[in-house]
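There are two complexes below, and they share chain A, which is joined by chain B in the first and by chain C in the second.
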Partner chain A sequence: MVSLEARPRTRAAGPAPAAGRKRSPYSSWFYLPAAIIYAVLFLVPTVTSFYFSLTRWSIFDSQFIGFDNYVTFFREPALVSGLWHTVVYAVLTSGLKVVLGLGLAVLLTSQIIGRGYLRSVVFFPVLVSTIGVGLTFTILMDPEEGLINESLSLLGIQGPGWLTDPGYALVSVALVDVWKGVGLATLIYIAGIVSIPQEYFEAARVDGATAWQNFRSIVLPLARPATFTVILLSLIGGLRSFDLIWAMTRGGPGFTSDVIASVIYKQYQAGFYGLSTAGNVVLFLLVTAIIFPLSRYLNSKEVDL
Partner chain B sequence: MTVVENRRPRKNIALSLVAILLSVVVFLVPFAFIVLTALKSRQEASRLDFSWPTQFQFVQNFVDVVQARDYMLIIAFINSTILTVASVTIMVVLAAMVAFVLQRRRTRWTGLINFLVLSGLIIPPAVVPTIWVLQKLGLFRTMPGLILVEVAFGLSFCILLFRAFIATIPRELDEAAIIDGAGPLRLFFRVVLPLLKSVIITCVVVQSVTVFNDFVNPLYFLPGDQNATVQLTLYNFSSSYSTQYNLLFMDILLITIPPLIMFLFFNKRIVAGMTAGAVKG
Partner chain C sequence: MKRRQIGLAVFSAATLALGACSAGSLGSSDEEGGGGKVTLSFLTDNQPETVKIAEGLAKDFTAKNPDITVNVETRPQGTEGDNIVKTRLSTGDMTDVFMYNSGSLMQALAPQKNLTAVDDFAGQLDDNFKKAVGSDGKIYGVPFGNYMAGAILYNKEVYDKNGLKVPTTWDEFQANNAKLKAAGVDPVIQTYGETWTSQLFILGDYHNVEAASPGWADQYTKNQAKYATTPAAKAGFDHLQQVHDAGYVNKDFASAKLTDGLNKLAKGEGAQYPILSAMVSQLIADNPGSENKIGLFAIPGSDAARNGLTVWAPNGLYIPSSTTGDKLEAAKKFLGFVASPDGCASMGQASTPTGPYAVTGCKLPDSVPQAVKDMQTYIDKQGASSLALEFLSPVKGPALEQICVEVGSGIRKADAAAKLYDEDVKKQAQQLGLEGW
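And then the complex of A and B:
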């Protein structure tokens, strides 16, 4: 979804401008309804957020206080750690989605029994509501009675307090995120692998290549556009992630699984609208600083392919 | 999907068995757990174990969940349906119009519009300022307000999907229609839109599931019990029914049914549309 840069046809290919009729059949007003909704409900809030983040704000009136909100934000260790958690969460989830998604896609495009069943079962969690998944896994991960630790104890392993141990909470939520989202990554990889021309595999077979060589020299490089799509999509999703974390831990225990999005919600709930909006601006800057250069870099790589 | 024969044509039985076994443990057990717990009595459900219910309480649990808090779940289902149908319809039509002109006609605005579309996909929405705008418009805490918010946030994804697909439709078709005297509206709604059917289905399915499962936007922009969507009832259930796991899981089960139906009907189509639009570009 990232490699969609339009390849415009040359002007000559379009309809020659008919004499006397300047109007294009592709009316600009087609943009209008979408543009109004998008401008009013997306662009205006985004632009004004920069101003409101500099105010003490009660929705009805705002008082300019300069950078106080940002000072508060960066002085509070709990809020700064939220920033760090956001990055860890995003990198962890997208890394695992790339590795597992590629592995599953290779498996699900090879000759195995039950391929249709496996594809469906891997993709289905993508469609289930995040809140539903979150609540279910909160119960499955219960340290005493949860199914996961009960099963582990049958194997003689003492399972950790997945969501109650400060050291594990963030990682546990990330793992559930991967469980839910890996189907989409797999789907994108399957589409990428299926579109690789068969001649490559035939040539490799003639040369007597092993399965591993096939993977290293054909699948891995030629599925690169799919990798870029998966990385970008899961990074974007991971950096903005809120609902799963909120459903499972509400940022706890303590602030050990707080991310920026949950900080924004907590400050909003507490009525600190200015501070909440400052959090939004920080998230905006973080996402922009990571995604835009990365997508530019990945797109430039794609041309060499 | 086409069959790929990049390996030995012989099916790998050992690998298949391992994969199927793992998929059962990792993916099917959690779903089975949801279903089993939803069927249990309150005492049995509170043990949280993976066991067969001694007595099935499907009807009782179903009725209890539906009746809870003055039939809130029914109201929520109606609200979620209105929200999903309205926002996805508006989103898909408007996005197709934008994608059509954006793909076909190149002006000095094209670069800016492309940039804005990508921004919509990447930039996190500024929440409280959006509430502020909605309040100025008198749309905060209203269904139309939330519908427009969902449209605004979903447009980018649909535009990208549509644009990639429209690039594959030959321009000669447009030209023939124009020579036959079709205006821009006729050209778009009569000639182009019908050709977009497969990608429209993908867009509708993906966005319906997204909007129906959306928790964050209703939480911020449509607070209050009267307006609750299904995801909000689930979230509220989890705090007020924290000891009645059978009801909680019945709620999860009921809410999962609409996406499940979508999935069963359109499984193949989703993949086909994504393949045509998203990855090949």
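And then the complex of A and C:
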């Protein structure tokens, strides 16, 4: 969905019609229904959540306590590790999605047999419910009876406890996230590669360029808008990822795969509503602090086709 | 034309929204003035056993009081159900009678404000239970279900085969474990696939803590005692670490689930399983014929003479303050029935009891499983049982499960874990606005 939005924007950065703002033939009142929905469902909750993060509230009453929630939240022992895990998770998943997505997209835009079928196979995991994927992989990754370790043992390899070994849990979940999300990255890359004009490739062929040179000098730079879109989307997704981690490990074993979103959820579950609201504000600020400058930087480096 | 359509759309959306707000309270105005007939609504969680018991109670009560009908409604279990109860209470939209936890979770409902005191039934209730539903010297609920214990379930056949005796100190327990391991049986079953099962060595050890330093719960609530600095309290974390370090746990402890653990115990692949005694009913249901194979003993401490059982009070039935008039009278009658031997009989018929009743004059039938009989011997003996910490103090840290999993898997040492848990607890105490934190 969001990928669709990204394309026109890169176009608009190009030689957009420089015509000045024309008066719209429609009255501004047409904005009203959408504006009301936006205000009620998005603006009001955002503003009130900033306020409630400064209170200790339950369903019965609330009490203003200043910045105490933030102090407690940053003293939360699981938070520091959770913050670190979040960054590791986000960087790992978005890095792998870029590399694998690009590789798959190059493969799936070339002349291979069953291209359409393979494209749908790669995209299929994106359509499946995250919780379903999580539960399936929890079973596949079971250390004793899981399909993965049983297959490995046929080869004589003793597989690790993918989700129960503290050293592997976070990485295992990240890999499943990549499996599930790489289809979307591939799709964005395919769109990016297909939109590169054929003339470049023809010129390269005349010059006798190899496949690697084609990739290095044409595909890679001209698919840059797609790369930026993939990086931004998967980084945002990785920073606030929750559902897959919760379905697979619940942050465990212990706190070894806790990310900031699961820490927040646990505070909420424990009835620490003010504390978890403060956590949400922290997450909001964190995502903004990473994504906003990054997106400005990436957009400034975009090139036109 | 268009403007009118938009107006209509807004209007109908608004009516829909208003309608949604009041849908829950439709029931109350319908049945008034029905010639002395009263219909009570009764909310329980949706666990099959609970629903069976609730419906049994409703039926047997109506048989005795034909003018009063009780309709059972269900809600989800866990956090989601908690939120439903709290939301409905705060909006005055609660059913006439509802089932909810006793102890610290019940205190979180602000009983003075939201519940109706039912002191009339005090004489019918067991002392431990009165503590669990009392606030400011008043009693707010009657027991729904049985006591359960946090204890060690053990396979009697495995014990007999290896010539073992029920241990009363930790050293004896460890000696048993060594023999079991040598005999090729997993001495202690742990199941971290369901994290809550990891806490029993700490929560079920509370009787020993209380025996070593009486009144610990009070000091703990007032921030005068800590897990990290009270050796008897820290012992629980130590035990968890010792069992892991000695390799006494089953190989698949990290991914096994409660059901796996129960089956292992029933089949004799594992000898002992620290768990809640209520799980016996699931064990028997899944492994028919094991009623008398599984015994129960309290978690051993340092002193054999003072070793005893830690018990959890049953859930309570409560009347919200929104129930008034005829309905209040009827609701009180219903609670009186539940807190009577007739009520116990009705519950016992709906589901095999897995622990003693909290109502005076209620006796367990002889057909109860061995583990329940073992439990009863502790309860009958003066001073051999005490309530779990969560009924004596409102302070329980939410991350205890994860911390226990860490200790039990060798990720964190007992000392560090006790300190970490003290930090976790602090948050809870501050949220509750307790003095001294």
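Note that the second predicted complex is superposed on the first by the 276 of 305 C-alpha atoms of A that agree within 3 Å, B and C clash if a C-alpha of one lies under 4 Å from a C-alpha of the other, contacts with A are read in each partner's own complex, and residues count from 1 in each chain.
One rule holds for everything that comes next: a residue touches a chain if its C-beta (ideal position, glycine included) is under 8 Å from a C-beta of that chain, and two chains touch if they have at least 3 such contacts.
Not measured: the values here are computed from a predicted model.
**Student:** Once chain A of both complexes is superposed, is A:79 in touch with chain B (first), chain C (second), both, or neither?
**Tutor:** In the superposed model, A:79 contacts neither chain B nor chain C.
**Student:** Once the structures are superposed on A, label A:54 by its partner contacts, choosing first (chain B), second (chain C), both or neither.
**Tutor:** Once the two structures are laid over each other on A, A:54 reaches no partner at all.
**Student:** Identify the partner contact of A:259: answer first if only chain B is touched, second if only chain C is, both if each is, neither if none is.
**Tutor:** In the superposed model, A:259 contacts neither chain B nor chain C.
**Student:** Applying the touch criterion given at the start, work out whether A:173 contacts chain B, chain C, both or neither, answering first, second, both or neither.
**Tutor:** It touches nothing on chain B or chain C.
**Student:** Contact-wise, after the overlay, does A:142 reach chain B, chain C, both or neither (first, second, both, neither)?
**Tutor:** both
**Student:** One more residue to check, A:271. First (chain B), second (chain C), both or neither?
**Tutor:** In the superposed model, A:271 contacts chain C only, not chain B.
**Student:** Is chain A touched at more residues by chain B or by chain C?
**Tutor:** B
**Student:** Can A:33 be said to touch chain B (first), chain C (second), both, or neither?
**Tutor:** both
**Student:** Output check: A:284 vs chain B and chain C. Expected answer is one of first, second, both, neither. What do you get?
**Tutor:** A:284: touches chain B, not chain C.
**Student:** Same chain A residues contacting chain B and chain C, which ones?
**Tutor:** 33, 59, 142
**Student:** Note which residues of chain B are touching chain A in the complex, please.
**Tutor:** Residues 1-2, 4-13, 15-17, 19-20, 23, 26-31, 33-34, 47-50, 94-95, 97-98, 100-107, 110, 113-114, 116, 120-135, 137, 148-149, 151-153, 155, 157, 159-161, 163-164, 167, 171, 174-175, 178, 182-184, 187-188, 209, 212-213, 215-216, 219-220, 230-231, 234-235, 238, 245, 248-249, 252, 255-256, 259-260, 262-263, 267, 271, 274-275, 278-281.
**Student:** Which stretch or stretches of chain A touch chain B in the complex?
**Tutor:** 1, 3-9, 11, 13-15, 24-28, 30-31, 33-35, 37-38, 40-46, 48-49, 52, 57, 59, 107, 109-114, 117-118, 120-125, 127-132, 135-137, 139-140, 142, 145-147, 150, 179, 187-188, 190-195, 198, 201, 211, 214, 225-226, 229, 236, 239-240, 242-243, 247, 261, 264-265, 268, 273, 276-277, 280-281, 283-284, 287-288, 291-292
**Student:** Report the residues of chain A in contact with chain C in the complex, numbered from low to high.
**Tutor:** Residues in contact with chain C: 33, 56, 58-60, 63, 68, 72, 75-78, 142-144, 161, 163-166, 250-256, 266-267, 269-272, 274-275.
**Student:** For chain C, which residues count as touching chain A in their complex?
**Tutor:** Within the complex, chain C touches chain A at residues 6, 79, 83, 86-87, 90, 108, 110, 113, 192, 195, 251-252, 254-255, 398-399, 402-403, 405-406, 409, 411-412, 420, 423, 427-428, 430-431, 433.
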